[in-house]
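Below is one structure, written out as structure tokens, with a few remarks after it.
First chain written, first letter: the chains are A, B, C, D, E and F, and each begins at residue 1.
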């Protein structure tokens, strides 16, 4: 599940992170006090999941720590992106001089929190789809500054691909593309837009055409099929809410009418408001879907929450109230730095 | 509510956004087809809220469009950050050559979606607090690439400040700071850490000390109060879940014991798992809280969702099925470009 | 509310009812025993509603009793069709020789039970519609032997008309008619069927055309409007469930697109799965509906239940356990026979 | 389960149905248009269940179609009364000139809808009773025009008999009879009425006496048992609601007291407000009930709903939106005309 | 509401309480330690309600403390039986040498807990009855060792009387009495038992006869009324569950039948499974009940819970965690010792 | 489970019970009538459980009946304390002259009702604890007059011991004791109080110290452990609600910190608001609890309710309505008198 770990600047921390601009400001104060007091103990800090899921964000954390921790005095253990973790499980352990990493606690926790929640949400969809491919179409629900990280996480969670160049590059896949509705509106007719799209696009790209923009889904699908013939790879269903959205029965009717007209090779892509529950409805009804596209559900996942706790100071077990002092036993952690 | 609109690089789009790396890839395909067909109509696109809330993200969108749309052929109308919007309300209207902005539809929708949901969540907390200040402590639940934008949005929604330098700078406020727990664990005692913190920090910064790290909240609060005396501004309550979290009764007891010991000037800050419901419990019980700190609730808000629809092509009303053709009437939109 | 009481054979009891074939058979046994015992007391029997609603069925009961009770020894009091009755209220009181009417208890109770439940269900729809006309389209959910009675009751409950000749005749109204979908399928195109319909039908009948049989509702509505022009009275919306049924937003979009194209005189009829709750959604959303058509909801109403209890035998108050002996006081009953 | 198919006028359509008075009026308009256009294609129409259940009404539909379709140009396939059908299953397929049957679509759908819902409701009771006989006592909740059809359907669903002569004749059974309460009230005492009933009734009819009209159920049952001795077949329990209705414990006590007094051959019939749930309570409590009588539950069943859709016109597959074109595959349909 | 405070041995503590046998044993250990350490401070202990209600038990607590605290060194403040108290309100404050009362903390808390819960439950019934008298018939649900205290508390809560001599004596009222069912079963007939009861009982006692033991309630009530005539004060309804218990409709029917027969002076007493909700049903239905009898509901009340906390030791404010140190302000407490 | 049946005055009825002061007063009236009528039949009365549970109270009932029934004319059968009984099961059968026991029906029913409900509640806790000992700490929620009986019943239900001398003596066990909080408050420090307690108490008693009175639970536990060393048997957790009560995680942390400090022999006792549900949470989370203490839950149990019905009078089967006449078959009853 985990991608190869080749270097990529996409996983590099931004300058704002490196200089500590995105850290909770009090960590800078703590650093100042420790300097003034001439204290710089070696500290063991552990990051643990506050709820179970599919871990993600480790690759970014690795890249950050590799850059900021001095090579001679650092030990970092971690699990890897894509493994399943339990509530309370330790996923990263850092042993280093406290002043070398204390300002990065916020960034590490935040990176793990969102990445893990995105990967976990994607996994829920993939599990529900029982083998039918799921693509991540969440870009329009996320701030562009994190779109790539969200898509990478979704692919770690099991999605086959995503919709932007940024996320696709981070995950090492090709982006998923269909004809956009805007082109249909600008050209005035679905078939005309499909023909132009077909004419000007390299042969190796699959033609996927939305068929719910101007007329009835089935009518449009038949018209587009008749026009593009074998060059048509798939039609995409995402009808507006006031036309009922997509239902298993609609997919079945469309499949039947396409087959009746001789277009059994045309695939059906279903998108629009999908959740694991809704995907399960399609699967249980045996609706002949070829690909699901999920967006808002992944972008809406609640941050998983990762605590960062000091468990040892200069070799002595400590912990705040509510935590157990000393290094936590774990057979799964591997030293990565 | 809205901050001044002075220029700031913090609201500038990143290069990845400008080059279209974070756009749904199919917009690039559409642009290629239109070029090949020699089509470049003037299009009116409207972004409308799919659910009500406190609008945010306009300032970033303004900055992006100002940079990418040619000055001679553009009209942009918008509402402003911080206004309340209804379900279905149009918040941005763009009239320009389609090829000049079609690849930015994803970025605009995503920016508005998350910023608005963050501002709306913050507003719910602020409303629940009925005048007691609320600070945003969400940084550790958000990817560092969006921490600043989240905090700016929360302040637009009514929070008085936030915890990182980045968000504080974007919103033009001072960050909120308390003594971090890590310092207490490293120094081994709450009072010792508080004294060091007090000694080395400039006089103008308020001393806020957490009192739940190693011992009973009330005991620690009294010890710290006796040590720092009038220099202590506030104690912070955020006890671990297995010690019950913070309750209205605990705040009342702490207030009573502080008053009994002569520390009626010491304020009480409550943080940890707060939501509008939990804030309301404190307010209804008349618990003497001086400041609330909210984190995960704001970071967990579900993206609001903004549709981007074409309503006019070269002066002709159009719309996809499910939308009403033609420019939408609005008395609230102002021309910003 | 109540129609004029002109005579009509539609309200006459069938021969099976008159000879007692539809009576609970034990009433015949009771009659035989009383004859053998030479007993034939004068009895007061009262029919009371077991739950509140809009009373209906009285006209049929009147017709039956007028035919079977000897004129010299009968007293019948009743409320009239269309009045609102409370739980437990007496609606019919008969004083006559027991042998002259005991076999009709079943028919009287059954007639009142179903007619009242149909009228009550219709009234709930009419109340929800707040002034927008409601027509009864329940014929295909009811056995043809009661279709007319059901429709008469629905009109007593407030519907403006119904769909069969039988019900319309009973209630003294014109039946409601639109072009049937079968004609469209037989002729292959909606516009072609509409043109034929328009061409061959007398001018005085309004043209109402369904626009959801073969293509998108809005497209078809525009096509039909362009074809029939001012002769088109209304379009009918009843899209299949796998195309989303009818929603307030769809009605609004259709209205807007019709107006935009200059067809503001074309009305919109909404049918398909309507209930008082769903009608209320349209009304609350201010969706511009001109007529609602309700079917299954009225046909599905649970029989109201009317008890028939003996309260006096030869002038002596009696009652079975659970009832209060003696004639029940009522200021609303009027003597009708 | 299905009765023999001997001819009976009870299944004949009424004149109002044959002339089309109970048809949705628009079917007459469609017929007129087709005549004017000189169109009379051969059409395949299929009636399918919109929800599963025990099919009923076929015998009436068969009788209607046999009368109206010309023998030389008709093909009718159908399932038979009493079979279990699934949601969406085709139960009747007609292939004939459209003008010969289009006005009967309403009557066919309505007949199947109500008959199937009655049979299905009866079956639910019969299943719950786990072998204890269930009789249909619904006549007083149904309009007399459909009482016989309701009872026939209930017997198709599994009831052993019913209470009116009409229904019994349709189903080929003897009606179920007990002494009616009216006789008790007229004669003033339960025992006196039971004696008169016993004296004047032919020996072959079983004596079933209600024992809850004037006094305590158990007292009355013992008094009646002592009076009629071995000639008593059963006592009937249906106490008024303000005396608690019938409960499993009451049946057990009555059984014990009858046995104690030597009347172990007297059976117990339970009626009054029974539903599958309440029947199940008796069965699960092992209450010694000999017969259940069910009324309102069967009369209250929601019409099942049967769609009538054109699937072929002159040999060409067609369908309205939401249906799949062409004749539906079915291995269960048998040609009946 | 509170009875006169005349002395009565019924409120005296039992020897087991006085010697500390019913105290949590650890209080004896504490006393031994303090003696050994030669410590015997003056302590202020406060008992506070953990939930609101009608206070009861004070009279017993007063009696206990008066007996055990040395007169020269004691101060006791309290509210009085029958007042309404809020959650958290202090109801008893003791200032005395700790060794003189520490072993009685358990007895004081327990006495207040149960007495208050009984009084509160009774009050809920009395409030629901809106002026109709409520008598306490809970004796058969309570251990005989507390029956009298339960009944006294119920009368403090608003009941007019109770069923045992013990409770009646404690509250200074006459016990409520009806003819017991056992007498009816032993004598074999309700009327015969009623006549014997009437014959042998002093004239001043009201005759209340249960009418649901052997036959139908209404029949028996009429028989008893005819037999005892004006000497009959009331009939009591408490039919078994398998005969439906008592309902508002049954009371109305009984009232009507009694009135019809000339017994309008006979009152109706309703007992059996009553709760505030069920009483409210009778009141809202305007059922003509003359007296309600409540048993199990009062006996089932959950102990209110009274904390006993030390707030001052030798004049110094103290408190365990979770309580506020120092004497609690209260304007309602009165010094009683 | 049942203790030995050695004689003990603790199970003797009080004089008020023997003279009938706690009886429903009408039983005295019935006795007077029977005397006056010279009737004194031999009666069989059966007490049956109205709901299932763990039977208790038999030993007291035995003691009462042994004292009041004349030896020559009595037969008493019963089950024994501690057995599980089903709804409706007979637990005591008395055959004797009616006048010798009729006034004790109330006391017998009340004793069984409360004792059985206490034992049943205790059993639910014991079952939930899956082998971990449960002690009954309910004394402060019960009136002192029944504290001993409650505790005896709880031990019959499976608790290992209780907190008062009275209950412990009745059940033949040693009472459970910890250091009381009052001593800590009087002495001002937990450790000081623990030392005094340790110093003055006989060696054979286990030292159990509460660690939540003045400071954090874990801090106090470590302090006490360091002070008492091997003489410390257990620490008791019952933190105030505004400190979160006790949770599985708190127990785990405490265990870990005690073990880390070398105090693995110190046990953990959990008390405070426990119910079967909460106990199950600890057990399911595998929290290392050594003993549970349950109070309010047992004291709050709803009285089970025991009916006392006459089933035979002078050898003749009788019963009130709703019961089955004659002696009930039972293979479990044993003759005890």
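We take it that a contact is a pair of C-beta atoms (placed from the backbone, for glycine too) under 8 Å apart; a residue touches a chain by one contact, two chains touch by 3 or more.
Note that the coordinates shown come from a computational prediction; the quantities given were computed from them, not determined experimentally.
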Labels of chains that are neighbours to subunit E and to subunit F = B, D
Between chain pairs D-F and A-C, which one is joined by a greater number of C-beta pairs in contact?
-> A-C
Copies subunit C and subunit B - interface residue numbers shared by over half, same or different = different
Specify the chain most distant from subunit B by Cα centroid.
-> D
If you average the Cα atoms of subunit A and of subunit B to get two centres, how far apart are those centres in Å?
-> 22
At what distance in angstrom does the C-alpha mean of subunit E lie from that of subunit A?
-> 65
Separation of subunit B from subunit E, taking each centre as the mean of its C-alpha atoms, in whole Å = 58
Residues of subunit A touching at least two other chains = 214-216, 239, 241-243, 249, 253, 321-323
Could you run through all the chain pairs that touch each other?
-> A-B, A-C, A-D, A-F, B-C, B-E, B-F, C-D, C-E, D-E, D-F, E-F
Spell out the residues on subunit F that touch subunit B in their complex, using ranges where they run on.
-> 214-217, 219, 239, 241-245, 247-250, 253
In the complex, subunit E touches subunit C at residues 216, 218, 249, 252-253, 256-257, 260
Given the complex with subunit F, which residues does subunit E contribute to the contact?
-> 13-14, 16-17, 20-30, 32-34, 36-37, 39, 41, 43, 98, 102, 105-107, 109-111, 113-115, 137, 139-149, 163-166, 168-169, 175-188, 193, 196-197, 199-201, 212-215, 239-243, 296, 299-300, 302-303, 305-306, 308, 310, 313, 318-323
Interface residues, subunit F side, partner subunit D - complex = 317, 321-326
